[in-house]
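In what follows, structures are represented as structure tokens.
One chain, chain A, appears in both complexes that follow, with chain B as partner in the first and chain C in the second.
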Partner chain A sequence: MSEWLQQAIARADSIQDGFSDQRAASLALLKDTKWPTRKTEAWKYTPLRAVERTTAVAKEEPAELAPVAIDGVDFLELTFIDGQLISLPEELPEGLTVEMQESTLFGSIKPSRHVFGLVNDVLAADVAVVTVAEGVSIAQPLRINNLLSEGSEGHIRVVVELKANASLSVIENGEGYGATLATAFTEYQIGAQASLEHYRFALQVDDNVAIGGCHFKLLEEAKLNSSIIGFGSALQRIDTDIIHAGEKADAKLNAIYLLDGQELFDLHATVEHEVPNCTTEENIRGIAADRSRAVFNGRIHIHRDAQKTLAELNNRNLLMSNKAEINTKPELEIYADDVRCAHGATVAEIDKKALYYLQTRGVSRSQAQLMLSFGFINELIDQMPNEALAEWVRPIIRDRFAQMEVK
Partner chain B sequence: MTEQIDKALAREYEAGFVSAVESETFEPGLNEDVIRRISEVKGEPEWMLEWRLNAFRVWQEMEEPDWAHVDYPKIDFQAISYYSAPKSMKDKPKSLDEVDPELLRTYEKLGIPLVEQQMLAGVAVDAVFDSVSVVTTFREKLEEAGVIFCPISEALHKYPDLVKKYIGSVVPTKDNYFAALNCAVFTDGSFVYIPKGTRCPMELSTYFRINEQNTGQFERTLIVADEGSYVSYLEGCTAPQRDENQLHAAVVELVALDDAEIKYSTVQNWYPGDEEGKGGIYNFVTKRGICHTNAKISWTQVETGSSVTWKYPSCVLKGDNSVGEFYSVALTRGRQQADTGTKMIHLGKNTKSTIISKGISAGRSNNSYRGLVRMNPGAEGARNFTQCDSLLIGDQCGAHTFPYVESRNPSAIIEHEATTSKVSDDQMFLCQQRGVDPEKAVSMIVNGFCKEVFKELPMEFAVEAGKLLEISLEGSVG
Partner chain C sequence: MSNENVLLSIKDLHASVEEKNILKGLNLDIKPGEVHAIMGPNGAGKSTTGYVLSGRDGYEVDSGEVTLAGENLLEMEVEERARAGLFLAFQYPVEIPGVSNLEFLKAAVDAQREARGEEAVTSAEFLKMAKEACKQVNLPVSFLKRGVNEGFSGGEKKRNEIMQMMLLQPKLCILDETDSGLDIDAMQVVANGVNSQRDGERSFIVVTHYQRLLDYIKPDFVHVLADGKIVKSGDASLAKELEEQGYAWIQSEPTEDELED
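Now for the complex of A and B:
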């Protein structure tokens, strides 16, 4: 067991008086959990040195930070700074509530297998519970900001519940400055015929150690459209779980990771088809340059009862340097026969013919590379339902490519 | 339909019988003395004993792997007897006439009439009955070509330098738990050496057979294809019916030197256990080949037997321009569990690998493909294509895919795709409309599903494989 984990457990022990049963159970489980090593399948390619050596500490007083501005989007904002809830939306539209209390959903959607999820269970001080009432559509997107100042450690947790026929758009925005450590887990229950539009951005990352997850439970005919965009850092690890618990639910997940320098990015996407007639579509694209390392694990699990499932996963990667590394593992675990499941994964460099074609048209090699890799990523950005967000993210990605080019 | 299913489910394992050959068998148990005794019985050189003992020490330090998608009761390695040899071996048969007629009858029951096969197919058979090779045919013809094909225990006496040079060079002692165990206790297997520039004049074949009750069989096969040579090797196995699980932990090492080619084909039909999965063979095999410059290794396997299969025939593509291939059909039914696949390790420039895996699950079985494709930094211009297809028959079975893809070279191209489907009602309807009965239709559809793999098999094997699938699938569709 690592020193870091021991300290986390000691901290939890000191505050456990007010713990709910769920948190107490997580603490007990955490004490039995082994620190992941290279032999732990879920952490095979992702060393935890960055956590073991972190200098980040939990701060008593949160620093003063403001989340990045996004033109053309009128948000409702929920802001955590250094792990503490700083502000709630001032005026909430009717049908939307944000409460600081433990919900019965807490810990019910996020699987307990994740050691850092358990750490989050016991150390997230403020749990925000967002509820959208039945039949209510919230027009304004809700942005959940998780800001960390230099050297700080924070654990944030949000539970979102969409009742039947509700709809909501949530943007999870993580920003860390310098060497920080954060765990950020969100749990979503999407009610019958409800619809969630979801974004998770990790674009301001510096030397962050950020480990987190978004976990979705879909009830009958629920709809999920999720987009995750992340840059690598000292350690970025995101676990997503999509659980089809109601028939005819439909989930779409698009994810992008762009890595440079010595960065590390690890996305573990799990889909649980527990009931019949659900559909899942996942498109994951990544680029690894310089000495970076990208890890993707995409698991689709079709349970015995989940007949007539349609599930597809596609993971495409560009490897830009012979010092970089891409490890991908799309998995299928299928126990029902009348299903259509497929997955595909590719790793390659930019198509030489396309590169040559552009060069024959007078485009410089580096410019052509930029165009092609941007095009590769932009196909997914074009699919983002919120056009203003897409407009905002495109130049950030372009800048990122420009940086990657300099080296 | 239900009637057909019942009939098929009640089908007895066709190769299940125990032939009464007297055997000299060690009492169950494993320790250094047992290993010394094995080595002594075999009259092995000192270095071999040391090698075995070292492997045993390594094995004791290791833990049994638990990552595979299989579930079986813990193996008691002390309850296994590590040596068993047909008694008549002491008389050293010189020709088929001298072979224990009981043995010959065993093969006949299995449908492998040695004589006929020698005559018709021109196949030299190194038949392994339990742990000692009993008869080797066509030796002279092979000797003429300079090809060495003999039991590995014999090779240790006759060609100790060759064996010493290559044994453990592809699958090192500490490679994995079962390989280490095999190093310590292997009793026999085949040794093949093809000299430089030689094309082996015939297909080499070994039929394996576990016979003695409670005897784990630990085969060791070593094939060395010297520069510019070619060999095609066939391996097939069946085992008689019994109640206790039997462990089979073989190791196969292939060495393809520059410009050489090895084609290794397997039809595996070990006893899969009864309806409840009781009594079948545990097949925990390590198979790996190393390809030097411009060399090629091709693994083709048809896996229909064993209660638990744990098997990943792999290629280390060390030399530039070397090629690795893996074609597999794995069929599971009843309570069978298979976790099988391949590893393609690309080290050299312009290396190529192709993986075609077809998994068919029926009954209450679980069938997993587990594979690794790794492009090392030196694998400039390397290429991999992987296709894994699963077919599910019935709603109580499972089909799984666990491919690991690791790339560290930007100029390497890796493509992996996997699909899952079932024998569709439409296909069945179409066939039946045209007067094809359901059994035949399923067999046709499955054969079509596996065609890409079957065409890689040598002719006789392809026929046998097709028949095997057909029999195995009888009544699986309702």
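Now for the complex of A and C:
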């Protein structure tokens, strides 16, 4: 067991008097959990040295930080700094509530197998619960900011419930400055015929260790459209879980990772098809430059009763250097016999035909390579439903490319 | 010997693909302003000629010389050939999702203008030029925003090729089976686009399997390519003869299959 985990448990022990039964159960489970090693399947390619050696500490007083500005998008904002909830939206539209409590949903969507999920269960001091009332559509996106100042450790937890026929757009924005450590888990329950547009950005990451997840439970005819964009850091690990718990639910997940230097990025995407007639489409694309390492594990589990499932998983990667590394593993587990399922994972260089085509128009080889790599990612940015957000993120991705290209 | 009056000179060109000889002694001289049609049966080396001249990977020149405006084309990189004035309109233009048509066109025009030492055009100026070119080939302006050829129909892809030609203003255009898969209306749009670019200086190689495109783009010369070399040349009337009689009367032996794409 790592020293860091021992300290986390000691901290939880010191505050456990106020714990709900759920958090007490998580603490008991955590004490019984082994520290992941290279032999632990879910962490096989993602060494935890950065956690073991972290110098980040929980701060008593949160620093003063402001989240990145995004022109053209009018947000409602929920801001955590150094793990503490600093601000709630000033005026909430009718039908939207934000409360600090442990709702009955706490921990029921997020899987309990995850050691950092358990740490988050016991150490996330303020659990924000967002609820959209039945039939209510919230026009303004809700941005959840998780900001960490230099050397800080923080744990945040948000629970979001969309009642039947509700709709909401949520942007999870993680920003860390210098060597920080964060766990950030968000649990979503999307009610019958409700619709969630979701984004998770990890674009300001420095030497961060950031481990977290987005867990979605979809009830009947619920819709999810999620876009995740991440740069690598000392350690970025995101677990997404999509659980189809009601028939005719529809989930789409697009994810992008762009890695440079010695960065590490790990996305574990799990989809549980528990009931019939649901659809899933996942497009995950990444580029690894220099000596970076990407890990992708995409599991789709189709339960025995989940007939007429349509599920597609596609992971495509580009390697920009021969020292970069991509570990990709799509996994299909199908126990129903009337389903349509496709998965694919590729690690390739740039499409030679497209490169030639651009060159025949006079574009230099190096510029053509840059245009094609950017295009490979931009194709998913084009699919983001919120155009203003796409316009904001596109130049950030371009700058990232320019940096990746220099080496 | 390079003749100052010759724009493109191909001398005894031998080329192979995956160690298979495709071009076996191709000779062709093209003067400024001329339109040459190259016809021939499948597998004769028609598309290979375009790929070899443009410098595609995997198309190896074994021997021979090619000059464009007196410069040795075979020593240049693909993009340098384009900047020197060579344009190949593809039979199967490539789809590039994620790269907008406008971004692609501007990058191409910028690269060529820079190589020629010309001033860069501003984004606003370029947008105006591109919109005008769209109009000329009857493509909706919205196609500029879409990914390069992404989801375009066969005819739209061909018109997009002609639009690129209009913006790039090359010295020599090779149209590789630009008529394939087009109905008469679409073919007319393409032919009008090509004809609008004939200015007495710009030269064309029109590669086609069928005579009908040549009703719209009138060639000065027609060549029959068979088994990697030109076996017969004539004026526009040769195309008519071929249409009526096929290629069998020209070549007695069957040609080898060609590896294309």
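Heads up, the rule we're going with is that the second predicted complex is superposed on the first by the 403 of 407 C-alpha atoms of A that agree within 3 Å, B and C clash if a C-alpha of one lies under 4 Å from a C-alpha of the other, contacts with A are read in each partner's own complex, and residues count from 1 in each chain.
Definition applied: a contact is a pair of C-beta atoms (placed from the backbone, for glycine too) under 8 Å apart; a residue touches a chain by one contact, two chains touch by 3 or more.
Keep in mind it's a predicted model, so treat the numbers as computed, not measured.
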item: Partners on chain A (chain B, chain C) - clash or fit; value: fit
item: Chain B versus chain C as contact partner of A:S364, first or second or both or neither; value: second
item: Touching partner for A:L372 - first (chain B), second (chain C), both, neither; value: second
item: Touching partner for A:A133 - first (chain B), second (chain C), both, neither; value: neither
item: Chain B versus chain C as contact partner of A:A354, first or second or both or neither; value: second
item: First, second, both or neither for A:D382, with chain B first and chain C second; value: second
item: Chain A residues touched - chain C or chain B, whichever exceeds; value: B
item: Minimum distance between Cα atoms of chain B and chain C in the superposition (Å); value: 15
item: Chain A-facing residues of chain B, complex; value: 67, 69, 375, 377, 390, 392-422
item: Parts of chain A lying in touch with chain B, wherever the complex brings them together; value: 41, 304, 307, 317, 319-349
item: Residue ranges of chain A in contact with chain C within the complex; value: 351-354, 356-365, 367-368, 371-372, 374-380, 382
item: Parts of chain C lying in touch with chain A, wherever the complex brings them together; value: 54-57, 77-79, 81-83, 87-88, 90, 93-94, 96-99, 103-104, 107-108, 111-112, 115, 147, 164, 168
